[in-house]
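The two complexes that follow have chain A in common; it is paired with chain B in the first and with chain C in the second.
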Partner chain A sequence: MKLDQISSYCDKYPQEASNLSQVYLDLTTAKSWAEVKVKDIEPLQRCILLGRTSKSDTKMIIIVPCASNEIWTIEKITQLFSQLRTVPSLLLDCDPNNIKSITLAIAFPDSTVVYYKVHDGINPPSDN
Partner chain B sequence: MESSKTNVQQPFKVNISKNNKAFIWDAETVNKLRKDRIIGSLIGSLPRYPLQNQLLGLPLSLMPEEVTLLLSKGIIVLIDDEKSHLLPTKSQIEEFEKNKTENEEQQLQDYLRFIKEKRSKFQSLKKNKLKKNDVKEIENITNNDNDHNEIDDSCSQQLRITEHESSLIKAFAPTITIKTSSNSFEWYNDKNYCFDSLEVARLAGLWTWPSTPKEKYKFNIYCDLWNRGYFITNGIKFGGDYLLYPGDPLRYHSHFIATIIDMNKELSPMDIITFGRMGTAVKKSYMLCSWDTNEDKAVYVCIEWAGY
Partner chain C sequence: MRNGKMSSQSSTKKENKKLNTRKTSVTIPLPISVSKTSFLTNIFKTFLANRFPFLSYYYINNIQKSCVKTRGSFDAHSNSVIVSEKQAIQKLWMQGSFGKGNLSRSEPTFEWRNEKKEDQPLSPEQITQNRRIARARRKKNKKNASTSITNNEDRKEIIDVNDKGNIEPTSLIDTLGLPDIASTSVSIEQIKEIDVDENYNDNKDDDDNIMQNQAISIQEHLQLTTEEAFFLCFGLGCLEIYDANDNLMTTHDCWNAFRTSSVSNITLNALQDSPLTQLDNPFILRYVVYHYFRSLGWVVKGGMKFGCDYVLYEKGPEYKHAEFVYEIIPYLVILDYKTFL
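Now for the complex of A and B:
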């Protein structure tokens, strides 16, 4: 059962349980990503997902599930990045100091999940 | 007509209007400021093309950030526009009216001469017996009556010409030229109302931007972006504070829509969706800018739609 992988994390962080499970299901079943791993980030008191869209992709994408009524501020975003950078590299499968962007996965009550990249710093548009 | 080769030098003159707006009325200055990556915005209607706003002319309007930056670098000086325009004296007014009347009279004489030349051209063409179509074109210009006998009594012809001329004079509308710059007027003198630094301008009460804490950190962020080499213009067309270009806006599309917000401004996920979707739809990156007062530096966060 797909949700077995994340059930322990849902128990640990009950506030984040519905967001985490919604995004996890969306990525694994609806978006059919090749690889999705759950990582517990204690300093943030939430879990993030590390994923790869297809087998050929080299870079792991950091997905941060969040609720549709969660309030963000620039302060909170910069803290998110600085906390992620303190995580040991083994946990994240990449050099934490190099983390320049994350993908915010916003989960809605009607089961819609939308993904928005948040870059730390000045990042030119990719298709200009 | 003012000389077009004045070779204006720094510091450039920027006129501050009574309602604290900064305008540049000289085309050469507008051009030279582009070298300092200051673009501004042309806001003047073109007299010959009034019912459009795709192409506008002088004056150039500067953002408060641009004025403060340029003034702090000594590239511009500020002129108190209201005080520089003195009340004209009686003799100055008389001189002005006299020149105006002379100019209008000259225009009228030029116009009448033009009509006379056309008429004589028509007469000579008629004598050469050109095709009726060619003649018709010149007829419309000279308003000549075609039904009249070709061999006319010279006296009655003269009378008709005089009547015609008086109706032309009545109908004539002279062109009135309104000068773009006030420099040529004798009652304009900006020497005593010229301010070359932020402190001096602030003391005089002419230019006090930035004054609130929000304006101050908005200026800090603007300077930081300018120092990074961007060309910055107003971002109202895309719902932001600024648009950032990697080069001259005449050559490039903007890469960023920059909006300045407080570090603790609450953003809902809907806001993030709004910024991200809009930025990506117009091939730009939506950049949220904030000033970190603790570390005294600018913080930037870019939002992009992820197409998963």
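Now for the complex of A and C:
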């Protein structure tokens, strides 16, 4: 089963287990992303996912699974960015100092997952 | 003028026809069944219930046994009740739009989306993916075309045209010393298109295999929120909820368990009362609103995707967009007001 890859991380952080598994399943099966890797970030006490939508994409997107009743203050978000930057670059597939944005994956009890892209600082809107 | 009148009449007729078909499509609004008995047996049963209550208990028990109860298992970690059996999933979704397929956007269609029918080359999911890729490609081309129009005048002098009349991509890169992102020549665009197409074909083949393998091993289940499950169990009596050890939970057990799991561990330490004694427990607040609107006939769904607490549909999400969006604001009465004076 697909969930074998993340079962060890679910045992390590039991509180984050359901969020992690819901987001992982959503990305791999419902959204059928080409590549999804799980990374354990000890300073944050949670796991993050690194993913790529399709094989032709160059950049890996950082996904942070969290619960719907978590409150994300500006302090918490800046702390998240600063702690991600302290992670050694071998663990993440990109330069940790260069992290400009992360995606919060908020999981709800009925298995809805809502993705919010969070930039560090003020960014102009992209030309979409 | 005459034709105008005729067409308006026919359009109103069409509208009436449309309304009729929409009404008939909602057949069973809730997953409960009413037993069909004749008029005489109904009279006999009501007579029994009034005159001989103990005898009628036997009859009522039989009726309840004929209602098949669906089975759900409560998962405290994800704060939800999971229904795995296929028929039960169909029943709960078709009769009242309860729950959400865990591998779909709302209706549990994972298997239908990913199965490849014999007479068609692609599954519905692949058709959607190809459409999205094509749309993204068109957007990119539009973007490149608009930037190339502005740069064309500057580059006309630099471009070398060879004997055939085609512009060689390598020479353009050499002379300009730029990466060929914003390219102006037609042949470069054509080459890029072909490369891009090859990538898409590769993705399709790989995705084929991945999808088929996944479809075999992954079963989609229906995930109900605790308030939906409690309404089905307590309000309608058509759902049986089992805990992690496969024991049947009584309505009272569910009431306690749902209130406890609705409070996350972080806030548990900060609370003054335990979740079982607090009056403004999140589960109670959510359930009261859910039960109220369901009793009025609305289909109530979670509002996470819309930035609110609940979203109300007249018949269901598959018929019309939601009529109302609800945000629960608890009205708290401060009993000990003297401390604030």
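In this text, the second predicted complex is superposed on the first by the 126 of 128 C-alpha atoms of A that agree within 3 Å, B and C clash if a C-alpha of one lies under 4 Å from a C-alpha of the other, contacts with A are read in each partner's own complex, and residues count from 1 in each chain.
Keep in mind that, in the parts below, a contact is a pair of C-beta atoms (placed from the backbone, for glycine too) under 8 Å apart; a residue touches a chain by one contact, two chains touch by 3 or more.
Only a predicted model underlies this, so the values are computations on that prediction, with no experimental measurement involved.
Superposition of the two structures on chain A shows chain C fitting alongside chain B with no clash. Our angle of interest has its tip at the CA centre of chain A and reaches the CA centres of chain B and chain C; in the overlay it is 80°, to the nearest 10.
Look at A:Ser68: by the touch rule set out above, it reaches both chain B and chain C.
Look at A:Val114: by the touch rule set out above, it reaches both chain B and chain C.
By the touch criterion stated above, A:Ile122 is placed in contact with chain B alone, chain C being left untouched.
In the superposition on chain A, A:Thr78 contacts chain B only, with no contact to chain C. Looking at the shared chain after the overlay, A:Thr103 reaches chain B, while chain C stays out of its contact range.
Contact with neither chain B nor chain C is seen for A:Ser8 once the two complexes are overlaid on the shared chain.
This overlay, made by fitting chain A, leaves chain B and chain C with a least C-alpha separation of 5 Å. Residues 67-70, 106, 114, 127 of chain A touch chain B in one complex and chain C in the other. Interface of chain A with chain C (complex): residues 1-2, 14-15, 17-18, 22, 25-26, 28-30, 32, 34, 54-56, 67-70, 106-112, 114, 127. The residues of chain A lying in touch with chain B in their complex are 27, 31, 53, 66-75, 77-78, 103-104, 106, 114-128. Interface residues of chain B, counted against chain A in their complex, comprise 228, 246, 253, 255-256, 261-270, 272-273, 276, 279-280, 283-285, 287-288, 290, 299-308. Across the complex, chain A is touched by residues 75, 77-80, 99-105, 110, 125, 129, 143, 199, 202-203, 206-207, 210-211, 214, 217-218, 223-226, 228, 264-267, 282, 302, 304-305 of chain C.
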